[in-house]
Each structure stands twice: as C-alpha cells, then as structure tokens.
C-alpha cells in the first residue's frame, strides 16, 4: 500500500506530504482569513497565497497577521522572515479575539488520534490522571476547533490513530453527532475535512460522521478501511485525490527547499 | 468669609487653589504610585514630583505612566509634553489593570456633590431618569474611588455641594457607613481626605463619617459648618491647614505660569 | 494587490455611518480626537446615532447640538479644561437623548469583551455606585472561583469606529503613537473601521514597523487623508493641543444661537481640510507646531 | 534618580526565583525564549517550580529534565519542529509532575484576567473538550446577559515572569519587538519581573519610544545583560532561529543519559554569556546573523 509518487523510471513526482499540503492549500479560497497552524499548514498557506489565493490573510497564534507570503522558507511561524513586513505584530489575545469573534474562515490542525465524529486528541493516550503516553497538548488547536468557521484536520492515516472513541478530546469535532456542538455551547464551526496520508474525508451533513471522499492515487478503498478503527462510511461519488500540478510543486519546493516538512 | 491670601498691603501670597494643590501634593509619599486625575491633581503630582516625592510614579487613565514631571506646563493629561519621554504609553485597560490589581497607592478625584460618608456625585442632580441638571459623569472617578488603596476628594466647599445624601453615587465612598464597602464587594480603599476651599476633612476610622481636620487660614469652624449640609463632626485636635512654602509656590507656578488652574 | 480603500471624508461617512448606527470615536481620550470626521457627520445631518467613547472632550457635544444623536454610551461628556458641555446637558435634561452611563474602566471592559469576542467581561469597579441604575449593560455577578461579587459588563460592538491617526497607507494599514486609550479594543470590536490620517504614506513605511500598527489593515473599511483632522485636540508628531479653541467653544456654545453660529463658521462653511486650515489661520497653525522633537530609536526587523 | 536594577543572571535567579515559585517563561511562543535564564534555574537546582507558558519549545523540557518542576501550566510542551519532548513525557507518564492543561486561548485569558486584576475571565473556547478534566481552573458558566454557556478561566498570577528582550536600561525600562504572544499579560499579572536583554542601553534610548515599552519599568525587579540569551530561539533584530539546535536537542534528550550529557555541555559547563558564545562557535553565530535588514520608520514624540 502506498501513494504512487514515482514514474516507472523511478523519478519522484511528488511526496505524500506534498500531496497533502497541496490538498490543504486548495481548501483556501481567495480572500479567506486563515488561522495558520504549526508544520504542514505553514506551507499550505504559503502555497495558496502564491497560487490561487493571493488575497488570503494569514493569522498566527503567536500574534502575527500576514497578507504576503514570507520572503524566505520558514520552519516555524516565529522564524524572522514570517515577521518581516507582516501586516500586524500583536498580542496572542488580539489575534485570538479575531478567531473568537468568528472572523476566521478556516484553520488547520493536526492530531494524534481522531474518532468518527472528528474529535481530536493531542494530549493523553490512556487516562489523563496516569496516561500511558503524554502528547504535547492543545497549543491553539482546541481554540481553532472550537471557534473557526471550519477547520481541516491533517493526519497520518493509521488504525491506532483512527479510533472509535478518542481517549481525551483536546479539540472538539462533532462530539457524539448531530447538534452536539450547539448543545454544549460552541458558537460555530466544526471539522470540514480530514486530509490524511491515504485520502480525504468529509463529514456527513446530517449524521456528522466521517465519510471517505477521495483516495490518493495508488490507494484503494480497502487500504483506507483497513487503516481505520471503525466501519468507515464511503461516499457514493468517491474520487481520486487530484495530484499537485507542476506549478504547485515548484512553488511548494521554494518554500521547503530542503524537504524538511515535505521530504 | 474667605481664605487669607493677601498681605496687609494687598500683595497676593497664594491663591485658594494653590493652597489646595499644595495640600494635595503633600499627601503623596515618595515612591507612591499615584493615579493622576484631570485638573488640579495634574498640578499636585507635578509639584510633589518636583519637591518631596521625586520617586513617585504617575499613572494616567488615557494610558500613560510617567516617572518624571512633564517638561512643560500642561493643562490636560493628553498634552504632548506629558507623553514626551514617559515611562510607558499603553492601553487604558493596561493602566486600569494596575489600578484594579491594587497597585495604585492613591488617587485624586473631584466632585459636584458629596455626602457625609464621602460618596460622590458627578452625574445627575435630581432623578437620573429626568434630572434637573446633568453633570459630565464618572470618567475614571468611579474606578479610582472603587479600586485605589485610598483616594482624595478635591472640591469647592458649598452647602449645595455638601449634602446629607447625594442624588446619585457616581464614585462610592463609605456608602452608608462601617463595613459597607466590604459588604457590596469593593476590594479595598475608600476616601482618605476631602480637600476643600475651606479646609481639610478626614473620615472617622470607626463610623466612616467625615470629620473636619483643619481649616484654611482665615476660615473659622463656623464658616465650614455653615457651608456643610449636615451637622459636621469637628476633630478635637483641629488645626490650621499649613500654608504653601515659598519653594512650593515657585515650583507650582512653573507648572501653571498663567494661573489657568490656580489663578 | 488588494484594492485601495482611500476615499474622501464625505464618501467614507456617507457609506459607513448610516442613520441609526452606533459610532465609537475619541477613543484615545484627549489626543487624536477625530473632529474632522465628526464635523462631516454633522454636515451630512445623520440621525439617530449612538455615540460610544470614554470622555468626548467637546466632540460629542458638537454632534449632539446638531440633533444627530439618540443615545450616548460614555463615561464623561464635557469639555476637559472648562467642565460641562451645554448641548449635552440640555439634551439629557430635556429627555432628548438616552444615557448608558459608564466609567472609563467599565467602558474599556465592555469594548475589550467585544474585541475578544466574548459576551461580557467582569470588573471589580462600579460596585456600590448608581451606574447600575442608568446602565442596563452592567449586572452584579458572583465569581465562580472566589465567590467575590463582581460587575459583569456586556460586550460593546460598535457598528463603526472612527480613528484619527498619524499615517496610513491606502490599504488600511496605519501607525498610531501616543497613549492608546481604548483605540485598539474599539477597532477590534467594531464591524467597520474608518481611518482618517494626517498623512497617506507608502505601504513600505507602515510595514517597516508592524508593532506600531494598532489594528490589522484587512479589517479597515475606509482610509481618508485629513490633515489637521484632530484639531483642536493634539496629534503626537504633528501638532499640540489648541487650548484656546476649547475655551472658545465653551463660550460659543452656551445657547442654541451661539452653537448655530459656531457650527456655521467651523462646520458648515468648511468643505475639506484646505478650508479648515485656511479658517484656522497661519498664526494658529504656527503656534501649535512642534518645537521640540525626539525621534524614536529605530529597530531592525530583518532576518 | 531611582536605583539601578542591573545584576548578574545568577543574582537575579537566586533572588527572585525561590524554590516553589510559579514562573512564567517563553511567553512570545517561538521567539525570544529566555533560555539563558532557564539554564541558570537548572544550574541553581531549583525545586518544586510551577512553569507557566503557552508552548515551551524545549525550554520546559530542559528544566523538567533537571528535576526542578512539580507542575506545568501550559498549552503545548514539546519541540515545535520535531514533536514530543522526552523529559516532559516521562515525567507526566511517571506521575512526577502535575498538569494544568490549557489551550493557548485559555492560558491567554487567565493571564489577561490576572493582568486586569479580576479573578476570572470568560471564553467561548474549550467547551466540549476534556481540558476541564485536567484543569481545575476552568469552569462552565452561563452568561448573565445572553444565557450562552461559556468557559470561565481563573486568573493566573505568576510569582515571577522572565522575559528576554532586545534592549533595556538599568532601571527596568525595555523595548520588545516582534510578535508579543502573552508577554504583556504575563508581566502585568506577575508579582516580580526579571528582564534579560541582548543589550543594556541608555535610558534615553528607551524613553525615545514609550509605545515600544511592553511593561512599565517601575514594576521590574531585575535587569540582566544576556547577549544570545534567547538562543536557539530567534531574537528579532539580533539573530535568526537555530533550527539545527532544536533538531540536535531532540536527538540528545531521548534518554536520561543523553540528557545528562546535553546538560553537562550546554548548561553546567557554561558560566555566563561569554562561555556560551564560545561554545556556540563562530560558524554558528555567523550563520544565524541577520543578512537582510529593514529598520522601522522613526516617529516624532515632540511637543
């Protein structure tokens, strides 16, 4: 099982991470206000800004708003090129205020465990009082999952990560299904997509359950089902994930020339 | 009735306002953090900084902290010399945070009406729904009266202003007497002095009622009682208010050379 | 490249300050009060406005005098160096405008709640005061952790905030220096933002110092070039406070006739900043000019 | 003239970070992390500390690894470009440290409440999450105005906040530029403040730009000259992020032996910034130097 990423002669066309970043970037619409998270989303925003979404605005939790791509490759959002000629350098509470008000169209978050309703765990495997594994924690992910108009989850697709029920909800998805977010007081939002190493999933508008929408080239539906810890729903119109264009790839590689994130 | 302010030959020694500002300045201890209000307090802080309290720190509600006197006379706290080389230019909420935390040793406020427990009205004469007179309102006065460790009231002493019960409490004093501040939830503070055109009053530590502590030169106790709308308590050790020294007067006049506030 | 947001003051007020709007102004208290924008509101004869601001230092009195206002949400309304403001007093005493009485801290708290996107924020101020009597957006609550009594202040979210600043680019990016008051909170809490500026500068000037930007440019609706647009209040870096104008206003606003005369001269006869500067006269502008300067030490934002 | 607050890093940590203190650090998230101060905490073998910060980017892991910590109040603890941090993981998994799990917004909200002097502040975040399970300073409440369910976050008031900045004077006045994170809130909320600075400058440099001051100098307890004091995190205006150092740390902190080796070389063997710079080596400092500069456009604070 694997993503087809080489030509018959063995030349690399794109890496799995490049496919994922490209899929994420395409979710950004021109003019969107995007809350940009750590790691792959940094690249997704740079890519979208430089291709189809030149008027997107990037908001970073450490207190940065940018309306241009950073002038040099960055590995973290605090790298100095990401501060250079930014639109605004401010308090975390200020940019979180934009988010909490409902001014952020979309955000990206990663996760260690996800369940069928898109609830994410990046805190504890096992009970929080005496966990078998302690993960780094929320960072801004809980806030983004609670308060953005929609959010996109980016994850490695493995059975131990795609579980029927997460051990700890760090970042709420749709909870236990329909109306849960409203019932517990969340003002808006919810996960819109899960972009994984195997495919792209969306959420059923009624049941709020995860649905496989596309598989990456070379990945079968059975591969995905085998890597998911519950009987995964499959869309009747399931497609193949569109591959990155040459233009997208060359742009992306300018932002990660050493392949730190996408190698 | 009046304050003795001329020599037998008619030369002005000091004005009533100069006596009041000097009395106010002397309440500032070296090293105090003072929340400086509009008008006379502006001068009181400048005077104290330049005489006995060189390490006092001034906090201004519009978002200024100064540890030096302004280099030129100022009429309002937003005059540009008051911003020049200040210690901090910030948000109102930031400096109000210092106040609310309990880091402000003293503040000064003015008033149109005061009652025997030091409650101040600067909002409405008559019912607030249909007042006979609308006054400017609280500004920061309510906050200073609620949240400074102690505050000092500066007022014209007239019977219509010193009333048994104020029509509207803009800035709480001791309410209806002992324990009232604690009962309604105020974390600290209360009025320490009332500096008027006729004398200086303090508050009894038990009953919290206003007590005449000193009369200005040339003012009799009877003058003060006649100008107060309730039977005013008089301290057994009542004194004469100390007059400004020549040094205080010459310093003060540098800060108000045209006598705008003190003429 | 985004579209320019620069427009005339007339267009900005016409488009973003509809009748009935809630308008936050004068947020840095005594500095950079947007008088030019306020006068345009008067000229356009807006109706039913709610004015929001900490202390208005005669601007609110001027707008009230022209019958544009139905409600005031403020801590202090008057003339800082002279005291009461007559149009305001009369309008309240005659029951023509409604009051929502704040202190500076309760107003800052309400706008900060709006800026943070939460429906209220607590404060320890106002307890024991009668502000609760003339302001329904204050309620007594109990702290869920300490059991302390607190004042809850409902979030304030203005329809539009008008800010006068020193310099802006045509895309809505701007620098503000001096005491901030509640400028940042009001802009963040507001649906629309109008910036009037002493100077319009290139985007590179603003982006050379993103820490001096007070609100993100993408949320700004209009940028207006308005030199002397804060007069008679002071503009750090540009001109001092014109104390005499505040003293004069007190004298020329005591009656309806006095006010009409003031308005006719200083508002109705003015069409644009050239008119206004001519009306001020060279002597006055020279007197207000800065004579002692200190420039900020530069900082490097390189990589 | 007030007294100088300048002292050695050893004196500042010894005097203002007692055993058992709650210490806020790394508040601007990925920039200006006070590594030099953190390493001095390790050298002084402090015990029972509570560390407060949004994301700690290996600093907390280093201090935990030396057994100084009993509790963590944070949103994310790890190595931003590599993931998990081993000392932290093991300490939690072994029950050696207690957690108070925040999100970035709940932490910012708690510190902002502390800065404002109120016992809590509400947020719309965290509802539906299990943060409530591992953080007793979060409670569900109902808005007294709207009836909405909200999260109340108890105020956080650190015993001491440690901030690394670009430049400070000896009296505690300092300039900070770059993204602020929750630096301002933590300083305002804190009982003591320790500033470590790339440069000690004359008071006139700082007072030339009071808007760039992030907390009032009168509340600062200690000022320390600590060039390269944020390395390997970036210092705007001074040096870039040393990515390799973060990657290397991940490799050299996987086991207790690895960590001891790292600590011996980078902490115990270092006495002062001269040692540290020598240890870094010329090649590394040259690589991190800024090559492209942009200086802030000056502003005039005259009158």
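For reference, chains read A, B, C and D in written order, and residue numbers begin at 1 within each chain.
One rule holds for everything that comes next: contacts are C-beta pairs under 8 Å (C-beta built on N, C-alpha and C of every residue); 3 or more make two chains touch, one makes a residue touch a chain.
Note that the structure is predicted; figures quoted are calculated from it, not measured.
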Task: Maximum centroid distance from chain D, chain identifier (CA atoms) - done: B
Task: Chain pair with the higher count of C-beta pairs in contact (B-C, B-D) - done: B-C
TODO: Go ahead and note the Å separation of the Cα centroids belonging to chain B and chain D.
DONE: 41
TODO: Find the geometric centre of each of chain A and chain D from their Cα atoms only, then give the gap between the two centres in Å, rounded to an integer.
DONE: 28
Task: Distance between chain centroids, defined by C-alpha means - chain C, chain D (Å) - done: 36
Open item on the list: Quick check: what residues of chain B touch more than one other chain, meaning two or more?
Closed with: 71, 79-80, 83-85, 89-90, 93, 96, 99-100, 147
Task: Junction residues of chain D - those touching two or more other chains - done: 109, 116-118, 123-124, 148, 150, 177-178, 180, 184, 208, 211, 236, 240, 290, 292, 294, 301-303
- [ ] Return all touching chain pairs.
- [x] A-C, A-D, B-C, B-D, C-D
TODO: Enumerate the contact residues on chain C facing chain A in the complex.
DONE: 2, 115-118, 173, 184, 188, 204, 207-208, 210-211, 213, 215-219, 301-303
Open item on the list: Can you tell me which positions in chain A touch chain C when the two form their complex?
Closed with: 33, 55, 57, 65, 67, 71-72, 79-81, 83-90, 93-94, 96-103, 147
TODO: Using the touch rule from the top, collect the residues of chain C that touch chain B in their complex.
DONE: 28-31, 54-55, 74-78, 80-81, 83-85, 88-89, 92-93, 95, 99, 101-106, 108-109, 112, 123-131, 133-134, 140, 148-150, 177-185, 233-234, 236, 240-241, 243, 290, 292, 294
Open item on the list: Applying the document's contact rule, which stretches of chain C touch chain D when the two form their complex?
Closed with: 109, 116-124, 137, 139, 141, 143-146, 148, 150, 152, 154, 166, 175, 177-178, 180, 205, 208-209, 211-212, 236-237, 240, 290-303
- [ ] Under the touch definition given earlier, write down the residues of chain A that touch chain D in their complex.
- [x] 38-39, 60-64, 71, 75-80, 83-85, 89-93, 96, 99-100, 123-124, 128, 130-143, 146-147, 168-172, 175, 180-181, 184-187, 260
